[in-house]
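For reference, chains read A, B, C, D and E in written order, and residue numbers begin at 1 within each chain.
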Amino acid sequence: MYEPKIIGFLCNWCSYRGADTAGMARMKYPPNVKIIRVPCSGRISPELVLRTFREGADGVMVLGCHIGDCHYSTGNHRTAKRMPVLKKLLEYSGIESERLYINWVSAAEGEKFATVIKDFTEQISALPPFVETMK
Amino acid sequence: MSPTKRPKERIGVYVCHCGSNIAGVVDVAEVSAWAGKELEQDGVVVARDYKFMCSSLGQELIERDIKEKGLTRVVVAACSPHLHEPTFRAACARAGVNPYLFEMTNIREQDSWVTTDKIEATKKAKALIAAAVGRVAYQKPLESLYVPIDPNVLVVGGGVTGIQAALEIANSGQHVYLVEREPSIGGHMAQFDKTFPTLDCSACILTPKMFDAGNHKNITLLTWSEVEKVEGYIGNFTVTIRKRARYIDESLCTGCGVCWEKCPKKVVDPVFEAGLGYRKAVYVPFPQAVPKYPVIDRENCTYYLKGTCKACEKFCPTGAIKFDQQDEILTVKVGNIILATGYDLFDARKIPNYGYGRLPNVFTSLEFERMTNAAGPTLGKVVLRDGVTQPKSVAIIHCVGSRDKNYNNYCSGICCMQSLKFAHLVKEKTGGEVYQFYIDMRTPGKTYDEFYQRIIQEGANMIRGKVAEITDTARHPSEEGKLIVQVEDTLVGKQRRIPVDMVVLSAGLEARADAKEVAQKFGISCSADDWFIERHPKLDPVATMTDGVFVAGACQGPKDIPASVAQGAAAAARVLSIIGQGEIEIEAATAIVDEATCVGCKECIASCPYQAIQYLEDKGKAYVQEALCKGCGTCVGTCLPKSISLKHFTDEQIVAEMIGAMQTMKSFETVEAA
Amino acid sequence: MSDYIFYPGCSMESSAKAYYDSVMSVCQALDIQLNEIDDWNCCGATEYLSLERMPAYALIARNLALAEKQSNGSKTVVAPCSACYLNLAKADHYMHEDKAFGKNINEALAAGGLHYTPGKLAVRHLLDVVLNDIGLEAVKAKVVKPLTGLRVAPYIGCMLPRPDYGNRYSDTENPTELDDLLRALGADVIDFPLRTACCGGHMTQIGPGTAFELIRRLVSTAADQYKADVMVAVCPMCQMNLDAFQGQMNGYFKTDYHMPILFFTQLMGIAFGADAKELGFGSEFVSAREAMSRIGVQTPEPAADAPAKKKPAGLPMPPPLVHASQTTTHSKEAGQ
Amino acid sequence: MSDRLSSLRETIEKILPDVDGVIALRTGPGGIVAPYLFSKEHPGELAELALWPKEPVPDTLKIILRAHPDAKLAIVCRGCEERGIVEMFKHAQFSLENVTLIGLQCDQQEVESCQCFKPFTVHAKLTVGQPVEGVRDPLMAKVMAMSQPEKLAFWKEEFSHCIKCYGCRNICPQCFCNICALEDEKWVETGRLPMPNPSMYHMVRAMHMTAKCVGCHECEETCPADIPMAVQFRLIARDVKEMFNYEPGAVMDQKPPQLLVLEEGEYENTGLPH
Amino acid sequence: MPQMIDERAKAGLTPEEDLSLLHEVSMKTAGDSHVEMCIQCGTCGGSCPAGMDMDHTPRAIFAMLRAGMREAVLKSNTPWMCVSCYYCTVRCPQEIHITDVMYTLKNMAVQSGMVQDSTASDFSRTFINFVENYGRSFEIGLAGLHNLIHPRLALRLPNMAPMAIGMLTKKGMSPLPPKRIKGMKGLKKILKRAKELEAA
């Protein structure tokens, strides 16, 4: 059993705060995900995700505000359009598309955040290490 | 391994113990020693751990290192940057390092508090610090933008909280727009008869404040109005307000009351009378209404429904009735906004086992408030739904829709005291038997518990148990014709059935039904229960995450009158302190276009949520208007040649941060494999 | 023609034969095709759960596994018995909610060469299917002999609206779905306050005193307070408790109630013009003959109505609450 | 073929007096076919008008319009080239105010050669030849039918032949950036051969082609290693059409979907959680 | 040392290891029971149609679970009086799966042999014996057998016989056991494996 290495890109206003909320409630979840704070999930370009895989990440998460609740009004709409396409590209390239995970977590949803992290870590653990696959 | 040639910087790393909050789980000494050694090649020249980094001593430690060791970059690993980023940015600035050359990483909320395994938590802290160190070398000094503050203030909601806030600001000499959706200000407090625990008359203490707000030279009162749109940012909001047509010419109306006397159409008043009484189709909600002008309820007015009537018009002595009046759209400029939009009562019909809406003699707390009010539908008499019979026994049920995951999980805070007040009023007005059904008695305010003791002394029956059901199905002749309250008396451990004539449900407080929409309009956020979220639950209770927007009173969470008034005044003080500063700093992290590489494809322009990017026709390039840019970076995510970048969140910075974390994780793997 | 997977349950073959016959008759009339699960087994009622958890759920899940295997396009399992319905729904729900538990149950099923994917099937009660898939309009269209004049107490019981995993009912305590259906048949439906009170469950077997009191409450309220002619049940166990034990209850309390307890499908059948005997009439303990004879002759007997409520000039009542679930569709296919 | 050639020549002859020039293919010295600007000054050159092999003419249009923004031009374009011109127009690469499109409909043989899905023009007012049905690249179905490891192995093998000549990017009429992310070490492992797996070069390029690739197959034509890279672009294009109802080059004023807010019903198509 | 335990017992304290009782009940209940969330409000006890006949209300049972009073809980008739009406479950403000917890307590009582009045558990046992051997239940045989085992029940119910006869005559029910299902062998294997898993 290996320890999957996961990078989570979280928007500053909802998801990062959701992670803080989970912390304040002392909810426990696996330590695999390392969080990178960005202003908005719309900031995440496909190139950044691909670069993260290139560094050997086993999974990448992009979490933003719920559609309709974006701090930047509609920044996350672009995320909702870009990331599914990137997932398709992963699929067509023979890379498990579930290695890229997109979801919406609000500042109040500490419990959801913890669940999302638990589930995704579990899901990635079930896959072989990314670098192994690519050998 | 770095994305481009790594800049040579002198970095200091500071690991906070946060007492035992972090140090109890993360081996902070080990982490700082590791950072000093393993991250030396990345530019770390000093790494320390300290009990409380945010304390003045902790800050001084950083400032001293900056000066003595010539640090050019600072990383603090502590709590959430949402808490202390401003603290450390300020410390850096004091010591001469640009605040944007500081980076904070969160090893408390996102590590020590959520990780069980101490070794894993320590490893995670290292990875997060390596990420921050990776990033910080690429950070660039930024200059903050300053904008002047418009001294005008918008207060939304004319309940006791909004009135208090508006008066405080107006008295200081600043101008306030007070917007209220109902025809009169006064809010819920105007509906009550007595207030706990002093039992003084609600109207007697509220009316003078309402009058002051209505006649203040610095207050523009906009009732029967709603905010439609909010644009701009702190210091410079542009607010669009819809002033709904009253169908009354305010310049002619004297508030004499002939129109509502003569109006033949009587309708149930679901708002002020809580559905327990009637009003006319042209009405003021209550006699002391401010302003004094009535409104015509278009949906129920016979003239609008059938085309004839106009009784009000015929009798109006000043010709103030204007059936063709239109809504007005006003645009006002303000620098700060206070939201005091209050609460809704929990809809007790949602609990089928309590029978409200089905069993006539089950009443809600607000109905009971109106019933006990001398100006209410029963002129203050406590009677059954038939309007005449006085109940001989009354059950008062606490926690209706509160402390219940099926409805609202939180404690509504005010119901215990309100219920005790009801018990007193029942005793006073009917002399009948009173039963209080409670789960836990919560009376933490000043002289509140004394009030509780007084009510016990007055002879109220206290039964500890959450009522299971209220039924009119008798099992025994003694129960016939009564409402039976079925409950487990938890102190006895037995099921009891208590027949009464009347039941009062102390319904909980809920966020306004449209709280989410309002929050979105003002750019703030709601908790899972739809209450507005304050900036910090303890240390910043009336500010929000959106600069220039404040919340006060029950829109932020259940509150009684004293707490609401205190918050109204607190929000006013916060606003006045900002106005006093004259200008304010705004976010410096905006997008910028590299004209040399921009190909002018306009994709960024289409993707900007704020229309902040212009197309320069002469150059064929994009251009970011800084004052409009909010710094989301959506354009950066779009741009194919990466000609546009977001200050403080550049690709170099994010990639370096990611690599820092990945490299550290990989190094642990190698060590473990070996 | 709508296709469903059918789980009849043990009672339908024995004590509730009348239910089985009337279900078949009604479904034929409404073009509902019920494909019985081949070789289904008992759901274990509440008894197996009382003794051993894992085997009890494995027993239930065997039926779901068979249904999943045999399902031919349809993803809906229909059960006419509330207890069977709840057990099947519960097994599906917990296997879905608690992944480890679901895995264990599947490990047990694997010993018999079976597997069930939690969430794959929608478990529904026949009443739900009739109301939400077929619809009241289609039911009304089939009525040739309206039940005008028959005062009916609608009795839903416990296990249909509670815990209601799928949110199919308007209310867990006061659902009006059965009322709507009976009203569509032309019956005079009373606003029965105990429509979801307990019938006594297995207490008739193990603690009769408790059970008799619960039966008495139901029967006496329907008979004395609301003057109902018949009571309508949607579950074989409810029907049996109230019907077969009514006599003993009378003996226990020294009362003399004669409240016929019928299945909702029996009344549907009558309204659709089917022959009473084919609908299983005559097999009840408390004879329904007298009550039914009232609508057998075309002139409806003047009901002993409660005096018309005269509205005194009292205080207004709050309007009824509109349930969110009533504005949306109730029918939910599995896998959504 | 000769029919189409002569009717194209007639069409150009007719329009030539009204414009400054017409961009079309010409068989030059040595038999090399290349884009050429025919002008009324040299009408005789039209004898050298050519149809095939196709060359990326949208780029020629851009070069001329950049130098002479006010020039009045006509251009002979096939379906794919027309879509390419529309995309470049959308991205403000030139104005089409003074440009006349002459649509050249491909014949069956050409369609087979390109495996083109839409071998006809839709915007051009003047057209030559009869439109024929497009075909679906059979490789698309083949890739789709592969399992995940098979796909991975397939592309690993294909991309192992890549010599990073950047030919595919250079020939692409939609790659008009001044600088290119594919030359940035941040995104692509520059200067490494054979390519690491997965190939960042080809993945980033495929992402950039989202909502841009018009299916002209110039990249595959030009690739010295015969890598069928356009299959990925076409597969993604199909998804983008399904999710956001967008097809590059099909509608003149429709913006690429990933720039815009979600429209009613689009979110449901993305497969993202609720 | 033993003396000390006696002192503790006298003081009404239970041995510390029994503080795991609550957790044990939680673990043995299907799904997420939330049993540790009880706020002692009494909604369950007030709602219970059989509450009047219980030794302890369900609320009291939750308090006893917390206190680790294993024997008192498992000897109580409370779970056996539960009629599975689910009123408590849907009304519970903490969303505790009370009905399911009652099933768990019955399981534990039977397994530990602490059942005081075996009427109910024997009924369940008789019921499932049919199911385990035939795959189907058998109402009439069940009632008959159950009354044979518990003759005092039959004494309490002199009207039981006419009812059983009614079942045969009115409903045309068969007095013979049900037909065995075809997959009985498979079912037995499934149940055997399930029992092993339960024990694990």
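One rule holds in what follows: a contact is a pair of C-beta atoms (placed from the backbone, for glycine too) under 8 Å apart; a residue touches a chain by one contact, two chains touch by 3 or more.
The structure presented is a predicted model; accordingly, all values stated were derived computationally and were not measured.
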Work out which chains are contact partners of both chain A and chain B. D
Over the chains that touch one another, what is the least number of steps taking chain C to chain D? 2
Interface with most residue-pair contacts lies between C-E
Compare the CA centroid of chain B with every other chain's and tell me the farthest one. D
Farthest chain relative to chain E (centres taken as mean CA coordinates): D
Averaging C-alpha coordinates per chain, one finds the centres of chain A and chain C separated by a number of Å equal to 46
Here the gap between chain B and chain C, centre to centre from mean Cα coordinates and rounded to Å, is 46
Between chain B and chain D, what distance separates the C-alpha centroids? Give it in angstrom. 53
I'd like the Å distance between the centres of chain A and chain D, where a centre is the mean of that chain's Cα atoms. 34
Which residues of chain D are in contact with two or more other chains? 181, 186, 258-261
Residues of chain A engaged with two or more neighbouring chains: 47, 51, 74, 78, 82
Numbers and ranges of chain B residues touching at least 2 other chains: 353, 607, 609, 638, 642, 651, 655
Of all possible chain pairs, which ones touch? A-B, A-D, B-C, B-D, B-E, C-E
What does chain C use to touch chain B in their complex? 171-174, 193-194, 217, 221, 225, 312-321
Mind pulling up the chain B residues that touch chain D in the complex? 3-4, 596-603, 606-607, 609, 615, 620, 638, 640-643, 651-652, 655
So, in the complex, the side of chain A touching chain B is made of residues 2-3, 5, 7, 13-14, 16-17, 19-20, 22-24, 26-29, 31, 34-40, 42-45, 47-48, 51-52, 55-57, 68-75, 78-79, 82, 106-109, 114
Would you tell me which residues of chain B are touching chain E in their complex? 353, 399, 403-406, 439, 464-469, 486-490, 493-495
Can you list the residues on chain B that touch chain C in the complex? 268, 275-278, 347, 349-350, 352-353, 356-358, 360, 377-378, 383-388, 471-473, 475
